[in-house]
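Worksheet: the structure to be examined is printed underneath.
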Amino acid sequence: MPIITMLTDFGTTDPYVGELRGVLLSRAPGVTLVDLTHDLSPGNIPAAAYILGRAWTQFPDDTIHLVVVDPGVGTRRRAIAFELSTHMFVGPDNGVFSTLPGLERATVVELPILESAAPTFHGRDVFAPAAAALACGKALSTLGPPFEGSLVRFQTAAVRRDEMKVTGVVVYVDRFGNLLTNLTGSDVAGCTGIEVSGQTAGPVRNTFGDVPPGGSVVYVGSGGTVEIAVREGSAARRFDAGVGSRVRAVFA
Amino acid sequence: MPIITMLTDFGTTDPYVGELRGVLLSRAPGVTLVDLTHDLSPGNIPAAAYILGRAWTQFPDDTIHLVVVDPGVGTRRRAIAFELSTHMFVGPDNGVFSTLPGLERATVVELPILESAAPTFHGRDVFAPAAAALACGKALSTLGPPFEGSLVRFQTAAVRRDEMKVTGVVVYVDRFGNLLTNLTGSDVAGCTGIEVSGQTAGPVRNTFGDVPPGGSVVYVGSGGTVEIAVREGSAARRFDAGVGSRVRAVFA
Amino acid sequence: MPIITMLTDFGTTDPYVGELRGVLLSRAPGVTLVDLTHDLSPGNIPAAAYILGRAWTQFPDDTIHLVVVDPGVGTRRRAIAFELSTHMFVGPDNGVFSTLPGLERATVVELPILESAAPTFHGRDVFAPAAAALACGKALSTLGPPFEGSLVRFQTAAVRRDEMKVTGVVVYVDRFGNLLTNLTGSDVAGCTGIEVSGQTAGPVRNTFGDVPPGGSVVYVGSGGTVEIAVREGSAARRFDAGVGSRVRAVFA
């Protein structure tokens, strides 16, 4: 049996994740369930997309990724399933899949919403049954008709590379308060730091321990883009910055 | 090997859940462990009962449900195990099983407390070994003598249905701040809203997206009873309500 | 396939634990993953050591314990793997293994850090691959050269036993606010209570329920050492105490 990963904003206190797990294990006995996270802030589609975009590549072929960050549940937003690069994905068509490379070329089906599905819990009643069916080897095409139209994608502000000036944005803030940007390593090659909220973070180093405790540091993070951290502290607090904050590479 | 679900108030930071998992996997190799939640507020028996009452039905036959919300651990409250509708349940006799339909007809055994059990951690030393024994196929009757007397059950205030007036209570508040009541869909059929804490929530619709952001909505929730939500907000905060708050269906 | 336990300070919101799980399941298909915790405060090495020191003994032979509480990631701190009492351990050489009995006699290898490893995420790129290799049956000696020198260990203040006076410290505080000390049951035999922060906690009893709600109680905890609790309350708050607070057995 394959792996099903789960990425939701349900939190871990309420019955919802347990019900999801029960449906998956009832319909796909022997499947391996893996939590990506359930702790996203409610309806945080950009964070869901960021996490999915990083984590899915670490899983083996045939893994099914079930994403239920779904503030529009029960409305006319569409429910989808698709295959991409030997992985399968199931969730709402609301932008949560925006970060997947080649998404525009995926073969997508639209999942029907049965009358019996609770209008506030498609995770349990629509998406989990679809993911379980895929885990049991059912063909994608049997789950619903081909998706018509184009998928919802949100746009992250692109990096702007002018002469002597490279600007980007913070795309994610992690629990340590590290600011993850969309700048690449080559964007900051030779720069002395990163300007954010009117202050300058830096120097550019390899890791936290390369600066003294309390010092800020700029480095190419484990996700492949530039990050700003404060050793043993929070860069988000130090620089009063968050998702969407502008960042600019500073050259001497 | 069957599934063992876990429902505790241990939190996920301390060693306790890890120790529980270790005991279960040592004594029932190959068992599938599933977290319902570990994040209940300490000793919150009504929340445990609510979550168990919803989630257990989603699991396949022969699942074993291990509940350790146990503020009376080490005192004279009794330890029990029983079978109900092809599922097994293990935990303290303190009301956590109150929501299971047909509980009064279950065949219950009383688990002996060995001298060696830590008086503050029956989860690890009494309940987990019992759950693991059941997972390994041991008969319920071998775990202890028949339970004498009647099980502890807590009572939720019943819905009162007078002429022109239907009143109930909030039985659970989820992480989104949604107020889950004990009113049924037919209780609110034709009503214009729900009165709670002197304010009126509504209209009655299908889902969150049927009202504008910030608006309140009344709907039949995924647990089968009436809920009150605020779209992209918290009904608990908006209406200053919580578990036990009275709610009343309002007819024009 | 064996079990791999995970003990990190990554939190459960960010992509990091998901990536770790993906690497482990990709490289060791069929392995059973178990969370000890991911919710340690960032860089909390003493708490990691305390939790590991309790939980590992509950797991079956051949379990692999992956510990990634690693504030010095990417610096010259060393990466290690070793076998002890039929279990395997993988993590940074920074004190997280301090509580393991017999650690000084373990055969330890030093894990090489590949050029391709992200300097801020050895959990994913160094430790998880090593744990997965062990899970697949690779010999410890193939993972790296023998470790030269002595492992980093932090010291907990020892219990001082003078005539008529026994003093120790709080070594861990759990989510309930219970104060877990390094005193043993025989240290408190016959004492009337424990002095902490200028107040006296007690009496000495078996469990929480042996005192009235709001009362404090001293007991031998499930980890084998003396604990201080407040029934239905928090001893940490009541006594304004935390890890490192001095405690003293009081005899009448």
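Going in written order, the chains are labelled A, B and C, and every chain counts its residues from 1.
The rule is short, and it goes like this: contacts are C-beta pairs under 8 Å (C-beta built on N, C-alpha and C of every residue); 3 or more make two chains touch, one makes a residue touch a chain.
Source: prediction; values computed, not measured.
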item	value
Fitting subunit A to subunit C on CA atoms, where both chains share a sequence, rotation angle to nearest 5 degrees	120
Interface composition of copies subunit A and subunit B: same or different, split at half	different
Rounded Å distance, subunit A centre to subunit B centre (Cα mean)	31
Multi-chain contact residues (two or more partners), subunit C	12
Subunit C - residues contacting subunit A, complex	10-19, 21-23, 25-26, 29, 33, 42-43, 71-75, 77, 118-121, 124-125
Complex interface listing, subunit C residues touching subunit B	3, 5, 7, 12, 32, 34-40, 50-51, 54-60, 174-176, 206-210, 219-223, 227, 232
